[in-house]
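In the two assemblies presented below, chain A is common to both, partnered first by chain B and then by chain C.
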Partner chain A sequence: MDIASLFLGGSGSVMTSFFSLTFLIAFLPVSLLAYAVVPHKAKKFVLLIASLVFFWLVSSVLIVYLFLTILSVFLFGKWLDKIQRTMKEVLSKTEKEKRKEIKQGFVHRQRMVLLLAVILHVGLLLTLKYSGFFADNINSLLSLVNAPFEIPVPKLMMPIGISFFTLQAVSYITDVYHGLIKADGNILRISLFISFFPQIVEGPICRYSQTADQLWNVKQIEYKNLTFGLQRILYGMMKKIVIADRLDPMVKAIFDEPNNYHGGIIFLGAVCYTIQLYMDFSGSMDAVMGIAEIFGVKMPENFERPFFSKSVSEFWKRWHITLGTWFKDYIFYPVTSTKKMKNLTSSARKKLGNHYGPLIAGGVALFCVWFCNGLWHGAGWNYIFFGMYHFVLILGGNMITPLANRFFKAVKLDPECFVYRLFRIIRTALLVVIGELFFRSTGLMSGFGLFGRIVSDFSFSGLNSELLKKLSIDPQDFIIIGITLVAVFIVSLMNEKGISLRDKIAKRGIVTRWCIFYALILFIIIFGAYGFGYIPVDPMYANF
Partner chain B sequence: MKVFLKHSLKAVVFMAGLLVFLIAASAILLPRNNREEDWKHDVQAHGILAEPENTIDVLFIGDSEVYSSINPLRIWQSYGYTSYCLSASKQRLWYSLEFFNMAMRTQQPKIVVLETNSLFKAFPAEDSMMHSMDQVLPVFKFHDRWKCLKFEDIFRSPQYTHIENRKGYRLYKESDPADIEGYMEESENVEYISFLNKIYINIIASTCKQQDIKLVFLSTPSTMNWNMRKHNRMEKLSEELGTDYLDLNLAHDGFSIDWEKDTRDKGDHMNYFGAEKVTAYVGSYLNSTGILVHHEEKAICKAWNKALKTFTDDVDKWLSTLAASE
Partner chain C sequence: MEKLIEILEDIKPDVDYATCTSLIDSHILESLDIISLIAELEEEFDITIPAIEIIPDNFNSAERMMKMIERLQEEY
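This part shows the complex of A and B:
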């Protein structure tokens, strides 16, 4: 028995799912109770302690990575702040003519500090998450040239959520560098910003300006926040337990042994996986938002009905929004705003016009974004392909937009008519499903194999009750999934039209309200995929 | 304060209403029989529900080692004692306790034999919590029964009619030799039993004590699952609890496992031949306790003899085919 386990370190790994009993009936109520009973000034410390205890229970000694990240973020922030203050002091005492030169020196120093911080944080993430992948690929290359040796493949333990809190850390330091926020002199506030327990497993990836002050200046638990928060947790639970977890055995069976199935079944598997991933991730996000709402904290939304998107580009503005905006702000804009890229854009604009001109520099930046996006999701060529696939679709979409507009004008087709909008929505969903097929496959070659099978052998023959039994699913499961999807669709449609269902319910009488809540709770308990005959499914994005 | 009290009262009333709905859902979804189509899981172990009341003398509780190693029909054949295997694959102690409680509702066993392999299999507190909720509100366990629910079931009280002829034992005919290198090598070390497992062992032990039931620990032979560290722990534990402990992984007079022939999966579990040996040894031990009495009741003898005949006919047929093929 090691020391960590004496203090229950790592014993709460099941809590990575916010729908686990341990979290819902033990950790969360205890945290809420402690938060509610302590004096107002101490509430933020309760949140911080709860967050660190949560991470300890989930990750045990790997909490050291979290502490190192917090310490590093704090020190780099202070360092940048010191340079900025010195610069101001020196510039105020310097003659106007010499200011530019002196400023450049300070800016260079700041840039070096930023670079060092980014290298350290991203380097740690790369080492922990990708060293095995890199070593494997180097060994493959070495074997190609018949090298008599190979490098060892390291197997490193990675703390949960590192992909998320590293991006938060980098965003904080970069924002301090750009002067968007002031470096925080309070390490406890930074600790809470980085480690707030609802967000640390799967995000959302928050900016310091979005949540740090909210978390530090927390409020008393209010009745409305409590009830609205609980409703959102329940809604997320329905998405995750009734839909995502019910689809899991079928998806697993198809992707584990795809050779046993025709292309049509594999396509069905890809569609189901896409639904599963969305319901799993967005359901978990609903729980995150709900928990934060109970504490009076408003977090940035991560999903805005992505399957209503009419293009792949729009899809990625609605799916995992905080990751997309992170890449946009910290990769896309920095690349396009370099001097070389600006020059390239202005010269290309002259030759290719206002639409195609900026696409060249934009394309380079977009390539960087989607390469990183693919790699961020996992250490594998299929993930990199997944990124490149979306890069091509988005860039291609941008390139053909003027041609498409001209075509619509020529044939007098209104691109905003319902039928065409519906066509675009279905087309986008299909393109996303193909991307997810590669995402879920066990490797790039396997992904191409699956795609090839769909194209060359698109058949549903053999789809009978025997096959469904083999896939651990039955027609009744499909009925329940279908009913729940319709419910989610209706709620999404209302949200899309700006109608808040929770506000609507709140305006109803107590009997109607309670009947709705009882129905939802009983629906989840009876139709949820848990308990005997089901294997608990970890939140899917916690592994990325 | 007034607002707080109002909200608190509302929350209490809401939870009370929810409880009523959950109790109603539990009553509706509770299986009305112990057949496979009603119960869905571990139907062999649930066969005990259909056994006539107070007719089972010995309960064997544990994971797959139990249903692979102990044949209650052979114990009946040799001594006239009735017994039952309450075991399922990968059975953890929370499930063992559930089986034990289930059996105790209709039976008054004189001896409970707890197989020790599962005592070392830790499980998360999550499972324990879920199990506790299952016990209070069965809807959490049987929620999936909406798939096979019939309207008439709602108004019917449970009637358990499915009797398991083999009394929880599962016959495995295949052989796959074990590698016995390092098996039961001497060691002074003692294996660790998790905190939660200790709680469950103590619950079973104290219930047995209260009900005047003899608790026995049994380690069935398994090269893959057993070692001296576990044996040392069980010796200490049986001493602490004042129970008998039989470890069939160690040499005993007249008992020897042929690891070439008696295991079905490289030493993990016993097959038919291994089970015959283990059952014979355990039967002889049960007889030596002097607690059990040979059943004379006509109905019991008739039912058990019938089950035994069906089993022996099957086995004899298979053994003669086997002999012919050799």
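This part shows the complex of A and C:
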């Protein structure tokens, strides 16, 4: 066994993964111990120091971007607060008739401050993440018109988690602008809100009102929180190490050299990649929730069993929920709430009715959301296509809903019957797998090539032990993955029916509880994909 | 209140708006209904509903909506 690989969370850093031994047996216990032994007043500072040390360990000098973000968020908040206080003061001394006009002036100033903040934060993200992509595309255009020069393609280092903490920063400033929260005068509290170590790599994307006070008004570590938190970390570890990481070599082999395989095998690769992504991301989220729970912090959930969804629209309400909510709150409704869109909705509703009337403004907003969603995931045309693919599916789904309902009525089919619900669930999963095929592909053309191969050459011929060996996977792997997936399915099904397995286990006697606990640990140790023959896999969403 | 119920019934009929307190949480009103509703409320009550007011708490019942409308009418 390659012991060194146990200590690596991924190829990039010893700490990127919450399931690396460096994190689990060194960083986390040391942080918890320090948190437990220091006086109550100092606990929040332990959390902050742990968070900054963690970020420095995974991003080194790039921590400067985190400091700049914190400082900027703090100063913009103060600036908006100053304008708001002055406005209140002036308005209280102004006659009622003149208030509206004066208020508009202050609102305009605040809007300019907000705009500047958004340009700075999103601009930094765009520069670091997308300047290479933009330069590449400009060069492609230049070569098309035979221009005798090229612009240099910058290769900028991007700190881990910037896509996540930038959205938190923008949400904080926007919420201060709208008066939803007061600007925080304590830069240390803002620092902890932005940099809390469990969430900085892959989210969840939290709003200030959701976590800032919880983090600052820390609690003692309680027995229930500790055991529930550890259980959740272990459950996530099982998803990530037993399923996702075990599937990794196979997915990699298929997507690296797709020309070697028939369409059926590529389709199998896309299905396995979808499972891998879900298990990797939701497993990491379980660890985040679990770690936060130990500290007594309740974070917003990022997944609600997305593969039980009956439509693509529902899927995205259950997958990466905090990103979807961010786009809904800060893009979808602000776009539909512009004066032009409201007027458009009013007039369209009169002509097109209740369903299709608002669909025009909704469609424009949905386009903005999915364009940004695609681009947020990465600098590549395949990501933009991924966004547009979901935009078309969701808009299309909305457009045919009235027709489908009429059809069901005509043929007397109950859309809530089990068979039809199952059909919808499978159909949604298939549509998601196709989206993930493009998402995983190395480029848009490659994605179309893979899709074309699935359609034109859907064959599994050659799928034998020889091929599996080539794909670095064997039948035993499939058995282990299958058994673990069944376990995850049963837990999910119980949760879907509102049954909390954790509460049920907690009510059992101490012997049963610890037997379950040890069984899970042993299962992960025996069947986890680590050590010899496995390359540690970075958390997949950390790269987005 | 009557006018509000009338608007709601026009946008999505067959719902007991007088008693329902989970219009958003139970997915009775979806985002397209909300888009229509906002446009209609603004026109009828001469208010501006900023995007930030579009939260479940403000739209879960007719009563909550009325409270939001009255609050926005009272603003400068």
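Criterion: the second predicted complex is superposed on the first by the 532 of 544 C-alpha atoms of A that agree within 3 Å, B and C clash if a C-alpha of one lies under 4 Å from a C-alpha of the other, contacts with A are read in each partner's own complex, and residues count from 1 in each chain.
Keep this in mind: a contact is a pair of C-beta atoms (placed from the backbone, for glycine too) under 8 Å apart; a residue touches a chain by one contact, two chains touch by 3 or more.
Because the structure is a prediction, the values reported are computed rather than measured.
In the superposed model, A:336 makes contact with chain C only, not with chain B. Once the two complexes are laid over each other on the shared chain, residue contacts for A:495 go to neither chain B nor chain C.
In the superposed model, A:442 makes contact with neither chain B nor chain C.
Legend: residue contacts after superposition of the two complexes on their common chain; A:260 is shown touching neither chain B nor chain C.
Once the two complexes are laid over each other on the shared chain, residue contacts for A:514 go to chain B alone; chain C is not touched. Applying the stated contact rule after C-alpha superposition, one finds that A:358 touches chain C and leaves chain B untouched. The touching residues of chain A, counted against chain C in their complex, run 91, 96, 99-100, 103, 178, 180, 328-329, 332-334, 336-337, 342-343, 345-346, 349, 354-355, 357-359, 361-362, 398.
Considering their complex, residues 1, 11, 14, 20-22, 25-26, 223, 474, 476, 514, 517-518, 521-522, 525-528, 531-533, 536 of chain A touch chain B.
Touching chain A in their complex are the following residues of chain C: 10-12, 31-33, 35-36, 38-40, 42-43, 49-52, 54, 76. Residue ranges on chain B touching chain A, taken from their complex, read 3, 7, 14, 17-18, 21-22, 25, 29, 40-41, 124-126, 129-130, 133-134, 139-141, 143-144, 146-147, 192.
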